Amino acid sequence: MDFAVSERLQTILDMIQEFIEKELIPREAEFAAKDFSELVPELEDLRNMVRGMELWAPLHPKEYGGMGLSLMEYAVVAEALGYTPFGLYVFGCQAPDAGNIEILHKFGNEEQKEKYLRPLIEGKIRSCFSMTEVEVCGSNPIWLLTTAVKDGDDYVINGNKWYTSSADGSEFAIVMAETNPENESPHLKASMIIVPLDTPGMDIVRNVSVMGHVGDGWVSHAEVRYNNCRVPRSNLLGNEGQGFVLAQERLGPGRIHHCMRWIGIMNRCYDEMCTYVLQRRRTPTEVLADSDIIKAYIADSAADIMASRLMVLSTAWTIDNVGVKDAMKEISIIKYFVANAMQRVVDRALQCHGGLGMTDDTPIAYYWRGERASRIYDGADEVHKLSVARRVLRDYKKGKKVRFGM
Amino acid sequence: MDFAVSERLQTILDMIQEFIEKELIPREAEFAAKDFSELVPELEDLRNMVRGMELWAPLHPKEYGGMGLSLMEYAVVAEALGYTPFGLYVFGCQAPDAGNIEILHKFGNEEQKEKYLRPLIEGKIRSCFSMTEVEVCGSNPIWLLTTAVKDGDDYVINGNKWYTSSADGSEFAIVMAETNPENESPHLKASMIIVPLDTPGMDIVRNVSVMGHVGDGWVSHAEVRYNNCRVPRSNLLGNEGQGFVLAQERLGPGRIHHCMRWIGIMNRCYDEMCTYVLQRRRTPTEVLADSDIIKAYIADSAADIMASRLMVLSTAWTIDNVGVKDAMKEISIIKYFVANAMQRVVDRALQCHGGLGMTDDTPIAYYWRGERASRIYDGADEVHKLSVARRVLRDYKKGKKVRFGM
Amino acid sequence: MDFAVSERLQTILDMIQEFIEKELIPREAEFAAKDFSELVPELEDLRNMVRGMELWAPLHPKEYGGMGLSLMEYAVVAEALGYTPFGLYVFGCQAPDAGNIEILHKFGNEEQKEKYLRPLIEGKIRSCFSMTEVEVCGSNPIWLLTTAVKDGDDYVINGNKWYTSSADGSEFAIVMAETNPENESPHLKASMIIVPLDTPGMDIVRNVSVMGHVGDGWVSHAEVRYNNCRVPRSNLLGNEGQGFVLAQERLGPGRIHHCMRWIGIMNRCYDEMCTYVLQRRRTPTEVLADSDIIKAYIADSAADIMASRLMVLSTAWTIDNVGVKDAMKEISIIKYFVANAMQRVVDRALQCHGGLGMTDDTPIAYYWRGERASRIYDGADEVHKLSVARRVLRDYKKGKKVRFGM
Amino acid sequence: MDFAVSERLQTILDMIQEFIEKELIPREAEFAAKDFSELVPELEDLRNMVRGMELWAPLHPKEYGGMGLSLMEYAVVAEALGYTPFGLYVFGCQAPDAGNIEILHKFGNEEQKEKYLRPLIEGKIRSCFSMTEVEVCGSNPIWLLTTAVKDGDDYVINGNKWYTSSADGSEFAIVMAETNPENESPHLKASMIIVPLDTPGMDIVRNVSVMGHVGDGWVSHAEVRYNNCRVPRSNLLGNEGQGFVLAQERLGPGRIHHCMRWIGIMNRCYDEMCTYVLQRRRTPTEVLADSDIIKAYIADSAADIMASRLMVLSTAWTIDNVGVKDAMKEISIIKYFVANAMQRVVDRALQCHGGLGMTDDTPIAYYWRGERASRIYDGADEVHKLSVARRVLRDYKKGKKVRFGM
């Protein structure tokens, strides 16, 4: 075992952190106050600076203009980018595009890759992922009401989706729909289909108001109605009925990407907390940091971050070196452990700021309301816990003790 | 001991609940989406209905048009009103006016009462309370930088305040300022002074953006600058140097009022949770309520609410029957216990709603972000815990064991 | 509502507390170090003192020599008795006899009452309750492997039980066994039968070693084998098949009796903690109580005790005034809430004592190991939580909102 | 970074685990029931088997007959040994000897090494560490009342210690005493002195009853009185006044050794839990593992163990590769994080076992009561939290952000 970071990666990290410090942190208040559409030109300038530094799209394949880092290298980079709300966006590795890129790269045909993957990696267009449905539980991915029926050379799609995040302004959606209801296996009934946003019958009903904000552009969560929405069958991704398999391919790494970003958020709140309590006086001669209760909050937060970080890195290492299949249990564990650790750290940082913590003068209140979703999206806490236990118990049933490191 | 509710109080409760069910719940979405200023006419109509039912201002003195309930009777009423975001406002017992009414009633002279108290209780004007300062810690109420210097028949006030909630549109503020810096006792340096909002030198710098919203009117938190703001000395409330004493008078009941309202919020989230999990299917044949983990959330929430409610009622009873001085420890205990219990209940309700819980299609997300402040305002958790322990240890030091019920 | 204690009850309480302070606390170390059998004579002397003060058997019916307090009055008394490990025993209201007394009083015939109930209430004999089985889950009371087959005028009992607490030295056991396997209702298959300990075929296999101690006499937990154990059919309690009904009658109050006692344990640990931290120096000039973290422990414990106590009293009031059926949800809530609150208070008290807390020089370590069982016996946390949720959801399904106090 | 275990280490691990499975687990019940003195011969046989396998004293230096593993290699071995209560003892790396060995190896002179270190590593004698005092707080290591006054060629020691664990039957104690009260630095007043147990004036007052057991031999915690206890000045370890420095050297690794062992305990309880819930039926057709609440316990425990293990390994790596000074913060973090994680895992395992969990038929109850001390010994939770926060805040004060991995 070896816990050291390579020199090359450290250099990349240093560059990223300097950029964030100089270019992104000072713009945070402005980013928070304006609509996304107003910010696009400025964000594009920043992206060009990143391209110039050759740090664009660190996770994505080199052949399409990315840096092609391993997942574990990317973990360290993503932590740094997660430190500020627009970090991942400015470096071209933001959700939901990152996940769509993975699918297109692994399962898209050459035509799809040229048409959708290349401009997506290059940051020329945006995309969205349309899976979650209004009427049925997102925690049960094999149960879909949206259908895609073959009609000549087309699919005709009908259904209601929401949490199609960033649909507003996207070039295309990847839509999950039932194409093979007759298939006996519940895991082989659905497919993924590319649907350009301007296709007739694909309508954004509303950007759903989430935690008090309707949002716009990349920062929005659309409710979408598919009403006899017709696309050519060549828009199918992979094979018919493979939708669930692709979703697993997308969501596994997607979850760990979130976890990496959350480490950045935790580090940010930790920084804000430690910095603030040293300067905020509670009496003319004492600062908040003189309180033992505040000190205990810092210590508990340090433990939460240290634990979370090592778990994420170790899981990324397993994916890189053993394979994603052998990391499924770990992916689920970090999904709920890190999301909850983050909530605790954000909570403590907010509490230490007192009334200021409730305001938008720091990014903490933003994380408090926005990242509450982390315990829900891509599999709620409860779903992942049951999934972990099922895997563990399956092994114990076979007499295989899956204790840790033994 | 007797845990029964009187028949008279039950009748009042039934009327209130019917009104809330019929008139307020259906308007919640509209209330959440519009600015306060847009809502004023509609809110006034609703207030008139309440006046017509003779349920106006349940807590406030009869002589000024209120119902004059005891604190324990009011506790039960306030729970019911807290069930919907505008409940207290529509029934004329909202913060910060309720606290100002208490002070004016107890410490105002006749002129002040006629000019400020009467129209305030009648709901004709609004007011605000300007104590929390920008530069110093709200948790230390005896440390103020704002000064009120006597100059002839006037006070000249200078200082920076924030969290002067509802200042926007208020008729007057009650301002806490240092008038007697030379007094040896730190508790006798400050006074409370009535400052009409239109006084020159009193400027609302901004409505602070709190949890993503700047807000307006009653729903806002102003930063205020007092810049040589001059008011007549007759605007003094009570005696000079008595500001801290009045603040204690105001904050004690203020805290328990919050706790009562939080019971209503907990009940609301509990209702939303129990109702939703019974209808939301997780598979074609099962609803969320079939999950044992969800069931445990409901049971834990039931315990949280039952505990909180009994503690608040018992504290109100002590204030009514023994006196507020003997209830100081209990007031502090419920302040942190109930605020944290509420946060747990809101959290579980949100989690049970999945993605829907993050949206503004239910009131849960509103409580998640807005009521995070409950663990901060009117004394942060940490401040009240230390205060409780100090009282307890003071007794033990004297050899007096202050265990419970023994 | 009224939270005051009557003068009469206060007088009783004062007498009890004085007795405990003078006679029981000083003997605690001796009680902890000796076997139960060695203690019997001294305990009998103490019991005689209690009889002399006319405080014997406070909960039990007057006609048999008890004080006949209401359940809510008894709640206040039991708190006081729970303050020291042998309190309930010395005042003649210890488990498992108290529960057996309730059953015998409600369901025993005159002969059974004279033979078993009277000497039991008088404290002349001890008894045990033999329900929990070795092979099947105690959390599922309707599933029993022990059978009682009619043979002439007798029942012939076969089966394996454990956690037949206090069997060692008991005069008789009340045994739960399946008598009517053919009955369609799972709740009508079992009966309760009185089995004198000297009946052939009833063998104590061992006193099970629990938390490091085998124990003896009243302080023991027997594993019992029934091997063709034959008793006359007149030993049946109530009607055949009524065992489950009787068990409910026994366990409902049994649970609340435990909760009352736990309040006493919490008060005791709270006293020990507050007293110790004021005297234990952490530096030559500071005591542990000067630490804010310790202060927070005290405040959190105060909240835990205040909440627990009000919930238990309110539940006792409901049983007394509305009936046990309407209190079933509350009984379950307090069972898990108070047991967990107690564990937290014991944990904090132990932690504040440092190394001393691990020793048997205070009673805290005893509570830490012994009362871990509180979250298991008479229905584990998980079982009661599911039961509460089922009751709640049943009401919501009918459209009845069972929120608190509204 | 690399999370793989070397082939060589894996071979060692496999041998150890096979030995534990075959030779130690089957003897656990016997070990638990007998006094230590009765077990000595059998334990010596087992130790000889370990010596024969060349797995003796894995942590200790090769030159004295140990295996000389690095700390990170040892971490993996110690996890395996911690899986059963006597694992570390049988492999010759038990506390308190392991810590004494470190000190003697680093600071002993040649004569001390031959006389004490060699037979200690060889397992021919046992030793104890006499630092904690009765009257003053163990959490304040620079405050000692025990004195060692020079008198000719001797030290004359006076004072009261307790928690001198394993003193009973030891060959010698390392005693911490104040030798230089005049030194200005509080960290340079005390020294460590070797005191043979048979020295006149060194008296074991009692083996303190801890969690219900007085214990004996290696399994005991002595209270010791030093009454004009006279030893030659050549028994001084290192230099005079260096006691605190040596204590730090001893306690740093000592803490991480505990953490490693705790991983073994967690793995053990996890195994017991997963195995038991799969076989224990709650109904004729369902096992406990069918409950979602139980599943959540397993998932939470998996996360606790995964987090703890990675934190311990990473800290061991830092000590090996960067130095113990740079790992002080991490050592403190794991001390409280892992101790608390262990308590949670033991608690869940006990709960899943129901009544059985309270008995001594599994090792869980032993861990529940014995390992409660883990949050106290070698620095209580609160002490380490404050220490972490002080280190963190010291860096932030200098403008150095010590967030994780960035």
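A, B, C and D label the chains in the order they appear, each numbered from 1.
Following the convention adopted for this analysis, a residue touches a chain if its C-beta (ideal position, glycine included) is under 8 Å from a C-beta of that chain, and two chains touch if they have at least 3 such contacts.
Quantities reported herein were computed from a predicted structural model and do not represent experimental measurements.
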Same or different contact residues where subunit C meets its copy subunit B, judged by the half mark: same
Chain whose mean Cα position lies farthest from subunit A: C
Separation of mean Cα positions, subunit C and subunit B [Å, integer]: 42
Distance from subunit C to subunit A - Cα centre to Cα centre, in angstrom: 51
Of all residues in subunit A, the ones touching two or more other chains: 291-294, 296, 382, 385
In the complex with subunit D, residue positions of subunit C that touch it: 33, 132, 136-140, 143, 162-163, 208-213, 280-284, 288, 291, 293-294, 350-351, 354-355, 357-361, 365-366, 368-369, 372-373, 375-377, 380-382, 385
Contacting residues of subunit D [partner subunit A, same complex]: 1-5, 13, 17, 72, 76, 79-80, 83, 263, 267, 270-271, 274-275, 277-278, 289, 292, 294-296, 298-300, 302-303, 305-311, 313-314, 317-318, 321, 329-330, 332-333, 336-337, 382, 384-386, 388-390, 392-393, 396-397, 401, 403-406
Complex interface listing, subunit D residues touching subunit B: 291-293, 296
